[in-house]
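So that you can tell them apart, the chains are marked A, B, C and D in the order they are listed, and the count of residues begins at 1 in each.
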Amino acid sequence: MIHQDMDPASARPEAGLKAFEALCTVKSNTSANDDYRLLVLEAPKHILNCQPGQFFHLLCPVTDQQQPYLRRPMSIYRFDADKGELAFLYKVAGEGTAAMATLKPGELFNVLGPLGVGYTIKPEWQNLLLVARGVGLATLAPLAQEAARLGRKLTAICSARSEAALLSTEHFRSLGAQVISVTDEDGSSSVENLQTLIEGLIGSQGVDAFYTCGSNRLLKLLQELGAKHNIPGEIALEQQMACGLGMCQCCVRPFSQNGEVVHLRVCKEGPVFDLQEAMGW
Amino acid sequence: MIHQDMDPASARPEAGLKAFEALCTVKSNTSANDDYRLLVLEAPKHILNCQPGQFFHLLCPVTDQQQPYLRRPMSIYRFDADKGELAFLYKVAGEGTAAMATLKPGELFNVLGPLGVGYTIKPEWQNLLLVARGVGLATLAPLAQEAARLGRKLTAICSARSEAALLSTEHFRSLGAQVISVTDEDGSSSVENLQTLIEGLIGSQGVDAFYTCGSNRLLKLLQELGAKHNIPGEIALEQQMACGLGMCQCCVRPFSQNGEVVHLRVCKEGPVFDLQEAMGW
Amino acid sequence: MVDLSVKLGQLTLKNPIMPASGTFSEDLSEVLDLNKLGALVAKTITREVRTGNPTPRVCEVRGSMLNSIGIPSKGLAYFLENTLPFFRHYDSPFVASISAGTVDEFAKLCEDISVPGVAAIEVNISCPNIEEDGKAFAMRPSSTLAVMEKLRSATDLPLWAKLSPNTGETAEVAQAAEEGGADALVVANTLLSMAIDVRTRKPKLGNLMGGLSGPALKPITLRMTYQCAKAVSIPVIGCGGIANLEDILEYLIAGATAVQVGTSTFINPTIMTTLVDELAAYAEAEGLADLSSLIGSVRDGEAADQQFLEALS
Amino acid sequence: MVDLSVKLGQLTLKNPIMPASGTFSEDLSEVLDLNKLGALVAKTITREVRTGNPTPRVCEVRGSMLNSIGIPSKGLAYFLENTLPFFRHYDSPFVASISAGTVDEFAKLCEDISVPGVAAIEVNISCPNIEEDGKAFAMRPSSTLAVMEKLRSATDLPLWAKLSPNTGETAEVAQAAEEGGADALVVANTLLSMAIDVRTRKPKLGNLMGGLSGPALKPITLRMTYQCAKAVSIPVIGCGGIANLEDILEYLIAGATAVQVGTSTFINPTIMTTLVDELAAYAEAEGLADLSSLIGSVRDGEAADQQFLEALS
């Protein structure tokens, strides 16, 4: 068996290498709210040259109870090369994430990355609108950070089941973003309400680009609004992965490019894709 | 996967059941000397109705490093129904025992037993001679205890590589046994020396029964002496096991009974067999 | 209470969980109540007394095991005088398992073992056919048909044909067994494998090769179960790598009417009775009155992602 | 320094470790130095552009995985214009892998891919033969022989025949491939399997069934490697479930001259180069000058316990 703490040869950054298998040390692994957990790792600097929207492929531990085999893809929630820190916000969904939840401070954790293509912020995009739901916000957190670094104005519409399930709004606010929370609980997360809200923003402050992830409903809405108002956008998508590196072709999804359907790999050409090329599901 | 801490239904002792799958709690797991480790468990009373020479079949933990699948057979080193204690003396030989070595106090450990047929001490056997080497002594420790309980005189010849590797001699002494240590280091463990030693004991104090285990060399010697001096004896043998319960027939060894070769299951008809019926290997 | 009973032809089992041949014997009565099991399947026997293969007979592979026990057998006489009377004390139906090297010997043994107390006969046609090239009967449709027809004429008891995963013609062999008169199929036996001790450079099994069983086998025998359930109309009994409730559900959904649990009993001897309880609890929680809506309920027309299919069209 | 080089017919590899087709691509150059590998084996291509199977294309099973990727292919033209030039930058021999549905198409593709920069052609004869009953060429000796003869006459490059574990006739198929002109055998491809999501009752793969790879496959493909090495005199390349040095040693001792590592690269992408280092360290520690004394060194005459054999005699 391949071991969690087998020393990955390429932990040494060699010339020309872009992704690294590295052993990190768990700093903390705590519950962020009812649904999500936050894993903070001490990570070697050379793996922290990350772009917002990229992901890592995680080798979850094997225990008596959980025996995950494949790695699990997880968006970067936070990375800090100076502090040597890497964090993931995750939901316990099945065997692999349940195993992740057992990690204790001081334990070693094998990660592979950074992987994939992240979000773009074109120079001319000054007013960014981010619309996301649930754990999708995790993917977008580093984007907010990058927007702050570049001095762009960011508005984040955070959608969740309930006020209590809202995640990261504080994090977004601390990065100087304008945060609008909507919930199922009070009905404010409905498509109609969102449409009104977003068109309001387009009218009032102007929107140069949309960013979203994961939800078919949000994809459709933003595609319509983007087409109508001629606003470009990007979406992060998910798909089952094996290699995470572009080799196995298991993670393809169909996209519409110039009227033709192409199959692109979420791990390699994605996970972030052009909003208008994405196809609903 | 079947889990270490799955609650075994038959932990509840039901009428007519003889062997039990039980979850024990690790009390301690420490190294006994350079080669051996001692695992002490807190065990439910109903599994501690043991006979010396019986064994348990152990479900070793699964970790990132070790993924043992089958159970591992281990002789009972100590059992105490009053204290609710069960102990094994083991050598780290491969994957399963390496996994056992990682058990920490407070962790759960799934054992199956007691299994097999142990040693007999016939009423007319007053002077018992136990000859064993290395971890074989583990198998014989409960025999010494039982001999003490029954008020029999026990002499233990303990053989090892070196003085330092001698195990359990204190344990035997504390049970009132006369202990004779022989080592490879000073040459006293040679077959010739043992033969002289044992024939000396036969002559001086008398020997009613031999007990041994594991070594082909000791088996041959005791078979010869037993035949010559008409002394009965028993030997504990090992064989690869799967079920440990007599079902799979993988653990057979050949024995010579009344001039015929029969194949007996080490887990069911053994692990203790008649000394003269055992066949060398 | 949920009704867990299933029908295998004329035979009704109180629940669909039973041991696999060779991984069960009288000895298990020392750890659990045999009456809780759907049926009791004996180790394969031959007419004559046999020693079985040389030791070592088992070894471990990653998360599973290999065995080359062979068929050590105390013979038919011992079976009738000792094994059978023992199981008469239990009300779960008792199933004999038999094997032989030629079609005629097989049929004769089948006839002689058709006695009161035997509820069904599982025929282990995964054993070598010494009249042809030594390949097991169940390797080919033709040899399967030939032996099943002869066995069929030798007994009125239900006949369960135990298939082999070593064949490249699963569906065809299944159909041949049905055509030959099998009342049910057991899918499947162990898969020929090997392991080598790199230190000594010796094969880990005395017989060089042996059969893979345990969790590693499950995806293969589950696939065979699905293929067989599609190919025949007699009931299929799934067997291979079952270790938990989910495994059983997979087999039932794939089309198995009942299942056999083998190697897992070596790891957790009480697992079969635990699984009976868990299956009852599951059915209860899902609001099932019985298992009929589960068996063969695989949604195999809807496996592919809609998005993928739509993009193609 | 130990000499790890091995000869596969006319081709010499600097070490016996290479990737398995479909589990490797240009992309791996982002994580390791491809020049450290014994050879570089491309994903199977077809002449025409193909989409591959519907998603989901992979799923996990206990300690291993299933895939039904199919053969998505950018076609021959893309291969010649893009893939091949990329690999020209590396000195490890580059091996193309091809597939086709008919013997003639297969041979024509083989001919067209026989260009400078391709050191050997691996022929994936585990794909369906659409001229017959859709069973893979490598399922039967006859179809294996037919396709290999035609492929042999289509190229002068070394031909590696990739066998299937789905056949019941491993040795016969191996001999047919040798007779047909294969220079080496790759043993083996994935084994047809299935998994079902019990919650949704859908098969976990969009294509319903898929191939088992990873550690669960090893005992099976190791057995096949042993059988093939006994049955033919051309070199055998072991493939299936290799995850550590011990696995590689088992294959070499069983008779493989080289090995392919597939699924493990998904778990630890740098594993192949780690294994090259570990193999060198092992050979050094064992005092081996090269690997010749390891290859085929299985002590298969001494596997059984002496005590058992003596008792019988």
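By definition in this document, a contact is a pair of C-beta atoms (placed from the backbone, for glycine too) under 8 Å apart; a residue touches a chain by one contact, two chains touch by 3 or more.
Keep in mind that what you see is a predicted model, and the values were worked out from it rather than measured.
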If a chain touches subunit B and subunit D alike, it appears here: A, C
Chain pair with more C-beta contacts, A-C versus B-C: B-C
Going by C-alpha centroids, which chain is farthest from subunit B? Tell me that one. A
What whole-number Å value describes the gap between the mean CA coordinates of subunit A and subunit D? 36
What is the distance in Å between the mean C-alpha positions of subunit C and subunit D? 32
Would you kindly tell me how far, in whole Å, the mean C-alpha position of subunit C lies from that of subunit A? 47
Multi-chain contacts in subunit A, i.e. residues touching at least two other chains, fall at 1, 67, 253, 263
Subunit C, residues touching no fewer than two other chains: 51, 55-56, 61-64, 215, 243, 305, 307-308, 312
Overall pattern in which the protein chains touch one another (line/ring/star/complete/other): complete
Which bits of subunit B are touching subunit D when the two form their complex? 1, 67, 253-254, 261, 263, 279-281
Residue ranges of subunit D touching subunit A (in the complex, touch as defined): 22-25, 27-33, 43, 51-52, 55-65, 67, 69, 72, 214-215, 243-244, 263-271, 273-274, 277
If we count contacts the way the header does, which residues on subunit C are in touch with subunit A in the complex? 62-63, 305-308, 310-312
Of subunit B, residues touching subunit C in the complex: 1-2, 6, 8-10, 14, 16-21, 59, 67-71, 95, 110, 112, 239-253, 263, 268
Once bound in the complex, which stretches of subunit B touch subunit A? 1, 3-5, 61-65, 67
